[in-house]
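The same chain A turns up in both complexes below, where it pairs with chain B and then with chain C.
Entry: the complex of A and B
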């Protein structure tokens, strides 16, 4: 810590002042700016004291990656390049992080899937890389449109997984995410997800911290594993006896290692709560009907609640901000009064509803839907319709247009 | 509030990580004993008592204090050596303090030499061989320390103490955080203070193999 603190108040080569992260995020004046989500990623990274950014173009994250290239040209990023593929990118990110750098990358959809082998490796190697996931469809036939299915694949990689609703969440959580994931007892990669296009390509007013302030640099000497020790696990991977041997000791070491990754996710809980002000946000959870959602489904849920209020139906809202660590206790508490729990999602499988069903008592209260996918929008009216139908209220069909 | 407690084993074929059982790390100025947060002062006394009670109290210094990679590390190493000397002064006849390094984290095959080192991938071998019933990790990278502490809890009855330079270890039975030269020496002072007041255990460590 002494090494980090010694940087506070000094300036980097761009004249930005290394600032205590808590003061920068909570006490520094904010400047309202009208930006797309992609531009917000760039602005967050300008303030992140990032050493290395690597990406491969894939819609809808390409714009953010290109904008960060401008930051590199301006001298805000230590190194920046395009990898040969998403798999190469994530491997190169690992190399940079092993070497002690603060590393950032962006990805989406099939790119995330192509690189998937790297994510448990990052977590197992305790590399606090931050990866922006601008979610989109992954299946054939090809879709570049918004769809959150890829988040479900990330949930068991050992990474921290957060799901931003707005560009403001995005700006704040990119910077705060480094603070959580770089804690020595956490030291895990963070997948910071948003719904592609809805957030990345939409303009919104975002309150930015001063551009002349930046995060303190990453201190690799606080890492729970040695930096780039080529003779020891986790760097020394394949040639090592403890990987290749088949015996009880080898298995026990692996088991203990995996447990340690999930223990680190648990340890991130208190830091995540501190930095993003709780794992969930709640409104009116004394209501009998509650919507639980993450990402932009929260915004649609909020609008549906307004429409329902006009019809005399009171409805609460739970915004799930962090998926790993999973807010199990918080969701149990927030839904304890609910007779009906609706989980609107932008994916076909309803992974969030499944997680919630596995968390709460009397899970038959959970209505897994409405779902849309493949790039469809989710009009608040379909959430209203689903809720009214479940409550036995008359609901007009929304599909019969033109008749 | 969890009912789980971090206690000497052998706990289980595959014991859980204490963090996954609801055990939290202490905040600055605190420590934990068996997973319960306590004021740091109380932890010094308990750690000293455990050392003086043990038949084979052992310090396991890791790479962060074994190599003089900065001035602070060299000073910590000298403090660890001093702590070991104090321990030797304060134990009673029949007790056998040891200082066994964890010089690196490479898995050692075909077999570790448990008389001269401990390894995070099979720390139980060193514990079993030397019949160590109380140990303290210091200067071991946190991930590797947790790996070791969990395996030791799983297969041995050894009481584990962590003197951690970062946030501490739930998987130890007793953990300090923000370790410094002063804290290491303060533990030495507590051992001196309790000298002659603690009755050593009559038996050495149990193992899952001998159970």
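Entry: the complex of A and C
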């Protein structure tokens, strides 16, 4: 077995210093840099002590996946290759994680759907893989445009699911995500989602940690299940494999294993709160009108709030950062004063509004919308219009909406 | 892993399961020249199994596990099917994840082990049925070979989906009437050994498991070549006696009948030039070692 020791303070082959993750993320100086979201993913990975990254092209994550290839060529990643499909890539990621590696990958839209069978397997096998999801449409006719519908499919896989608003969130959460995922009492995969193009292809000022600092390496021997490397005794796992058995012990085993995964998500709550400073952010939640949103819909909500203030309407904001674990208690508390709750979303079904309705008392307060989808943008004006209409205030007609 | 690692604390010895005690006392981890002849005299790396009585797959499993050159540092990857009933009782680390993704799992696994243990040998061996290898998983089987991933792929070919009750598979013979082939299979048995050769495998063998010494040689070669040179593929006929209407004691004869020179499991082998050279070097070293031992014995 590899010797268990602290790597903190030692250097990797690129001369980066393994740094205590909390100090690196919270105390180290930050350097403002002007980057696209894809470049930010690369910069986070440079500092992530990642063992294996597996790539497959699909818009809009292709650029990030290719940039990480450059990192591999520079020597920052242990191994890197292009798989043959998202289903295969997610299985290759699983193989690498079974073998004790810190594993990272990226996908989007139809790729997420193609790979879907792997995600409950990742969670069930307790593999702390990190997957960036740069959301895009999954519908037919073919679309490559931003749309967050795929997140709804990830919510019941047993993965942790976070939804980043900005490139800064992205940079910080990639690194912090490994810390939460790899906690022995958590040890679950993380789907770190963002809205494709809006985050990946726009430039923003992002405060980066020093490039000569990196996360401590992953220690697979802190896993709650054995790492498949023949470094610990191989024991007969069971006398009769449960798969073929139709008896109570078999059912109870599978049931308790599923319950354990959801218990592990619950146990991730305190770590998530600690690392990303709460599952939600709030502003002015004493107002009667509150916008609850995740991803870039938060940014648009913030702009709408500014416009509404100009018209004398006070409106609060809840930014949902983590979807799994779900911030039920936090959202109940943040919306307890609200008479009207608006949930703007970049998808047609309004999955976030449904989750919120199932969480809070008096759910008729929730106005599910506005919704845009298929790549449409969400001008703050349509959020303003939705709110004013619901409040019975006169709203100017918006060109092109037929209203 | 050294055998030291499986030792039991003396205080706990008596409460450990007897199969674990046996593993510590007489398993063949780390034994040079281990092989099928150890069966019966030392602890096997397979503890019972829940396959049908007389299933040739169980013979194949035992021979393969007895023949792995480096079980103490070998990780196996399985898939869904009858093999997944056996793997939980196998004393090398093994992975079951999904149906058909075994070569993708093995690709990631082998690379992770290479990153983590750059100076040590860690063998990866895939063992899956024909449905997993040739039908649902064909894409990943071939792509691993195209990429020259350094692990062995073993296919237990029983020419149908046995575990789900005998449905048509790609490796089934043309004309065979089975579930989902109600008027007989309409196309030929897929020629995966030839495809393996064209896809970049360095060592390809198609045979039955009727002769343990042959299985031992083939498995040993395939693992060593995969370790040093590139992908290898072994297709073993392990008939499902249940689904072809045979009795428990008829599996061996079924294999013997199917390996006659004109039959579909007549021994076929392909060895690439680099693999030939590697095997020749191995043989030379072996000869040298034996000569030295003989000389030593003569002096004594």
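Annotations for the structure displayed:
We take it that the second predicted complex is superposed on the first by the 381 of 403 C-alpha atoms of A that agree within 3 Å, B and C clash if a C-alpha of one lies under 4 Å from a C-alpha of the other, contacts with A are read in each partner's own complex, and residues count from 1 in each chain.
We take it that a residue touches a chain if its C-beta (ideal position, glycine included) is under 8 Å from a C-beta of that chain, and two chains touch if they have at least 3 such contacts.
This one's a predicted model, so the numbers in the text were calculated from it and none came from an experiment.
Look at A:253: by the touch rule set out above, it reaches chain B but stays clear of chain C.
Put chain B and chain C next to each other and count what each touches on chain A; the higher total goes to C. By the document's definition of touching, of the two partners only chain C reaches A:52; chain B does not.
Of the two partner chains, chain B and chain C are each touched by A:226. Of the two partner chains, chain B is the only one that A:184 touches; chain C does not reach it. When both complexes are overlaid on chain A, the residue A:262 reaches chain B alone and has no touch with chain C. When the two structures are aligned on the shared chain, A:163 is found in touch with neither chain B nor chain C. By the document's definition of touching, neither partner reaches A:302: not chain B, not chain C.
Once the two complexes are laid over each other on the shared chain, residue contacts for A:367 go to neither chain B nor chain C. In the superposition on chain A, the residues of chain A contacting both chain B and chain C are 226, 229, 231-233, 236, 240-241. Note for the complex: chain C touches chain A at residues 1, 5-6, 17, 19-20, 47-48, 50, 72-75, 77, 84-85, 87-95, 97-98, 101, 104-117, 122, 139-140, 143, 147. On chain A, the positions that touch chain B within their shared complex are 126, 183-185, 187, 222-226, 229, 231-233, 236, 240-242, 245, 249-250, 252-253, 255-257, 259-260, 262-264, 266-267, 270. Partner chain A is touched in their complex by these residues of chain B: 14, 16-20, 24-25, 63, 104-107, 109, 120-122, 141-144, 146-147, 150-151, 154, 166-168, 170-171.
The residues of chain A lying in touch with chain C in their complex are 1-2, 51-52, 54, 78-79, 81, 83-85, 87-89, 91-101, 103, 117-118, 121, 125, 226, 228-241, 243-244.
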